[in-house]
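Two complexes follow with chain A in common, the first pairing it with chain B and the second with chain C.
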Partner chain A sequence: MKSENVFLKILLGAYLILFFGYLLGPLLVMSITAFNSPSFPKMTPWECLTFEWFDVLANDERILNGIRNSLIVGTGTVILSVTMGLAGALILTQIWPRLRATYYTIVIAPILIPGVVLGISTLVFWDRINVMLGFSSDSFLHNGIFLTILGQSTFIASYCMLVFIARLQRFDVGLTEAALDLGATNVQAFRKILLPFMKPAIGSAAVLAFLASFENYNTTTFTFGKYPTLTIELAQKVRYGINPSISALAFIIIALTLFGALAHEMYRRKQQLALANGAPVSAVTGKGFQLPKFLKGNPAAILLIILTLGAISTIWYAQVHSPQQCILDVREQKRIETEKKIQAIKEKRRQEMLKKQQEQQKAAPSSNQAIESLAKVLLVAYSRLKTLKIMHLMVPPLFRKARRTIQVKAHLAAYLHRRI
Partner chain B sequence: MSVTKAIHNYFERNGLALGSFLLFAVFFWVVVLIILPQLSMLDFSFRHHLPPPEMGGPKDVYTLEHYKYLVLGAPGADSSYNVVDLGVFGRTLLAAVFVTILNLVICYPIAYYLAQTKAGGFARALVLLLIIPYWINEILRAFAFRIIFGETGLINEMMLTLGLIDNPIDFIRANVALYAGLGYAYILLMIFPIYNVIESLDRNQIEAARDMGASWARIHWRVVIPYAKPGISSGCTMVFMLTAGALAAPQILGGPSSLWFTQIIYQWFNQGGNWPRGAAFAIVLLVTCVVIVLSMMRLFKVKMGDIGK
Partner chain C sequence: MSRGVGVTLEDVWIRFGDFVAVREANVNINGGEFFSFLGPSGCGKTTILRAVSGFLEPSDGRILIGGKDMAGFGPNKRPTALIFQNLALFPLMKVWENITFSLEVQGVSKLERRKRADELLDMIALPGQGDKLPSELSGGQKQRVAIARALCAEPDVLLLDEPLSALDLKLRQHMRTELREIQQRVGITFIYITHDQGEALTMSDNVAVMRAGVIDQIADGHTIYNDPATPFVASFVGENNVFRGRIKSIDGKHAIIETNRSGALVARIAPAAIGQLSVGDQAMMFLRPEACNLATETSLTHNRIRARVQNEEFEGQTYNVFLEGDQGKEIKMSLVNVGQDRQSEVGQDLTLEYNPDQAIILPFGELASE
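Up next, the complex of A and B:
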């Protein structure tokens, strides 16, 4: 029993390492390539530490433009899909029970519909509306940003709605009723009771919506028109020639993500710790800032600080560090290596030529011997095949072809035997 | 009829302004964004490919041309079926099924492990690590796989240095990179539904099974998996649909000779310029995927309401 447990533990450990290696390895490799000097992103061989790809990135007009468009689209999508998602979730709690399942299926469907289909349907639909209304082809209905926001919101609103539904399940309807009984108007009750309760959910839905919009490709690729988002620009760059400036961008995004995740984790941890120590909730949510305590037992905070320090020192180092000499060295080394390789190839060719000449001289006497030994082998094979041949008569016609090949071989052997 | 009463109740409860706003928002979403575009695309797919001035003219009639094209190929072609497009279609679906199964196998243990370990710091750190890759752009994730699997990529260089191989292996052409990248892209969508379900499983059930002498595999087969079925099918549905509808990963990681069905749709829209045909192909993809998913859900007796939990 115990040995089995140990075995399972080892298996589990190996599995966890493999799994997270698969999950994080690619990101790590990509980040590292951002600092390597070859113009094709690769990790091995390591040549020179360089920061020039960040410079290239910062001067890339298309990437910057893409980021701008992505931000606009993201903002629009967040507003639209959070509104629609919230309305959708509220309606779900009030809808006629018989319609409920159908309604739920319809609003959840956009998550399951392939993004490509959503993009196409949005494009086709608004194009036809445009034709129907008789607008010109550059009206706002054809505008890339307008279409992209609509296309993305179609399914991102479903994500938001799921977040809201989860939160609404814990809502006490009695609160709203009490407010209404006490004379609040419906809008007041909504604003003062329901919205504050939904606030955390709205926050996380907004973050989710923004991230989903920022990284969306499948839908956007059909709707973007003249306003390519960052993802579209990246896809085009990756498809038609890549260089490590994309790795540099990836590194920045990964670092920001890590930063955000750690900050969030730190905040939650702090709350938990304080609550565990018996502090009132109001004290926890207040913005008290005590450094020594806040580090205590909070690994996320410590990691965050280390990360920040690392980032600052990296930026400082990037200003000072100059990879020029190293790059020159590597180039020189490469030149020497190439020359060596050329020399080696030349040498090899010369050797081969010599060998050939020698062999041609030797070839004449030894050829008879070779043929004799070959014939001996074939003779043995022939005698065996003869017995086989009888058996083959019983084989169904399906194998006729195989039989024929064997027969041909046997004839060949017999022929060779006769010749010798 | 109780409809008027229901409507009356609704406005009573929400007030006129708020009630109509909610209704308007949902109407806009459900009708203008979800239903009408799909219907419009369906309608569009039955029309001839016409230049804009002729739209709505006498030639603008319904036709099965594009669906026929998908099945039979261009009129006057050599073979009687459209072998290329149908082949790609079949291969896409098969590959999507393969990636889904692969993902399930990879993700089930980690979901089980995370759900059953006590909510300590270690498990939380693992969850955090799970989420981080998902925040990185889809394109960048595919790009990372290209760096790793490329001809001068990490794996090839390492194997060359170690002397395992003499010539670089073309992982891109062999589609290894594609499957790895596709599996990677949707891991999270497989883990979380399973995790959510298993988390609510009473540990006592497992303990009881163990006390009665059930083996490790038997506990999973008879206790955990039946309980986690809604989560598993929800995860599988999402991964399958997203994989079959993926565009970025096949474009970046796909080999030169292997196309994904979405790429054909993309070509009809962007390079071929034949929108109705692209729309028809998209409809075929959508309907096929929905049929597969629904029949799978019926087979495993899972309800639609379980999806997205």
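Up next, the complex of A and C:
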């Protein structure tokens, strides 16, 4: 029984490692490549710790423009989707019960329709409207940001609605009635009773909507017009080859997400702890912030602090650290390696030649043959020179140093001379 | 009693599709009165309350508050305040904000609201609790906050929808007296909905007993208990032993009923039934357990019943004896425990007697189902 248990535990551990590796591995690798110096995102071989890709990112106009557009579109989508989602969810509670199922199917449908279809239809629909209204082709109905917000909101609003429906199901209609009974108008009852109750759901729906908007590609790709969002820019970049500045961007996004999640978790746990210790609810919702107390038994808070310290020290280190020396070293190392390789090839060729000559001398030692063999040797030497030249092309630093090439040539000439 | 405003229901019908929730309700509630609607769940009493507070319009008839027809006035336009069954305190607002919500929607300044809240908190004996959230209060405290919140709106009529049903027995009894006290202090009309006859009888000036959308009787608690107008009222309010039979003879206020099992019995004809009964009619006699006594003689007269003891139950103050009765039902008699030896034993035959004035005869009708 016991050994079986251990076996199961090992199996479970292995499974967990695999599972989390599968989930988080790519993110980890991507993050590491952001700090490696090669100009293609690589984790191995590790060359130099560098922060230059963050600089490259910060100076990349297209990426920055993409982020800006994404933020604008995200904000617009959040406002539109949350409003529409809330309205949709409220109608669901008010609508005639027999219509409810039909209504639900209709408003949930955009989630099931492929984003590509939504994108195309948004584009075509507003183009038709534009034509119908007789506007010119550069009217706001053709504006990329306008279309993207509308296109994305068609289905993101449905997501928001699902969040709101879940929350509304726990709402006691009696509260609204009580408010009305106490003299509130319908608007007051909505604003003072329902809206505060929906606040947490509005928060989560807004986050959800923003993230869905930020990462959306397939709808946006039809609607962005002159305002490419970040995802569009990234996709276009990948086509022309990428550098680790994309990893740097990914790292920033991952770090921000992690911070947000941890901060939220810490706050939640702090509340739970306080409640478990018998603190009154009003005290928990207050702003009291006592370090030792909330740290106690709150791993999220500890992790958050460690992470913050890590981030601060990393930023400090980035200010101080200069990878130039390391990069030069690596370059030198590469050069030496290449030289070694050249030497090795040369040595190999020399050995081969010697072998051939010996064989030829053995076979036919006549003077006529000797001349022939000399011609052959010359031919081989010439071709070898050509090979070396090509190698120089492949190794630009070497090639640039023409002096060294000349040296090699001289060396070869002397060698050939000796042979003759 | 000066501030109270009367409420009148004139031929009020309330229908939901084919279902009739309230049938021809005619009620006149005087200003400053503590009025209760008593009935089993689903009898339409909450529907009446919602119609008075304005959450639904009657299908027919008129509702007048202070002589004014309320048709077309929404709940926020009526001089009523409703205390909900689940209290419906706003969970995200502090106690004082809850209490003064009616002032907040009128745009009263925060300072003034806070002052008013403190006054009301003093009144409901919860001083200094204003900054708590409702979830931090006990059941009885929440109850009082709900009352304060309703009173803060200064309604002419306070409507209470079974507000005590969620409380435990001790607290319920305490809150009864407290509610009654508050009502007498503020002097406004209270309309109280309950299925608990104890609540209705102890607190109310007048009680309306409802059955399946119909108001069976409107009277003060005494009359309801002693002179029920229908078999339903007789069996719903308090405990009653039922004897079915036919009228054998009528003599002024009294009649003799030939019961199926217990022979001919004499009882008073209920005031509501006078003139409605004639000899040979099917009728019912109701006898309260506490109106039964052990007979000193065993000879049978029209006010004595002889039956076998089936069961006994000791409650301390009283002990209940269950006798074999009509249609498989037991006859319950409650005897005051005066310390003497028990006079009954299970299986023994026993004779009980009663004062004919304490038993009631009514025309045959529907009983309250247990």
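General observations
What we mean here is this: the second predicted complex is superposed on the first by the 330 of 420 C-alpha atoms of A that agree within 3 Å, B and C clash if a C-alpha of one lies under 4 Å from a C-alpha of the other, contacts with A are read in each partner's own complex, and residues count from 1 in each chain.
One rule holds in what follows: contacts are C-beta pairs under 8 Å (C-beta built on N, C-alpha and C of every residue); 3 or more make two chains touch, one makes a residue touch a chain.
Note that the structure is a prediction, hence the values are computed from the model and not measured.
In the superposition on chain A, contact is made by A:Thr185 with both chain B and chain C. Once the two complexes are laid over each other on the shared chain, residue contacts for A:Ser204 go to neither chain B nor chain C. In the superposition on chain A, A:Thr105 makes contact with chain B only, not with chain C.
In the superposition on chain A, contact is made by A:Asn218 with chain B only, not with chain C. Once the two complexes are overlaid on the shared chain, A:Ile246 sits against chain B while remaining clear of chain C. By the touch criterion defined above, A:Asn143 reaches neither chain B nor chain C. Residue contacts after overlaying the shared chain place A:Val117 against chain B, while chain C stays out of touching range.
The intersection of chain A residues touching chain B with those touching chain C, taken from the two complexes, comprises 185. Against chain C, the residues of chain A that register as touching in their complex are 172, 174-175, 177-185, 188, 192-193, 196-197, 280-282. For chain A in complex with chain B, the residues that touch the partner chain are 4, 8, 12, 15-16, 19-20, 22-27, 29-30, 33, 40-45, 83-84, 87-88, 90-91, 94, 96, 101, 103-118, 120-125, 128, 131, 150, 153-154, 157-158, 162, 185-187, 190, 211, 214-218, 221-222, 230-231, 234-235, 238-239, 242, 246-247, 249-250, 253-254, 257-258, 261, 265, 299. By the touch criterion given at the top, residues 53-55, 74-76, 80-82, 84, 86, 88, 90-92, 94, 101-102, 104-106, 131-133, 135-136, 149-150, 153 of chain C touch chain A in their complex.
For chain B in complex with chain A, the touching residues are 6, 10, 13-15, 17-19, 21-23, 25-26, 28-30, 33-38, 40-41, 44, 52, 55-56, 106, 109-110, 113, 121, 124, 126, 128-133, 135-148, 150, 152-154, 157-158, 161, 184, 187, 216, 237-238, 241-242, 244-248, 251-252, 262, 265-266, 269, 275, 278-279, 282-283, 285-286, 289-290, 293, 304-305, 307-308.
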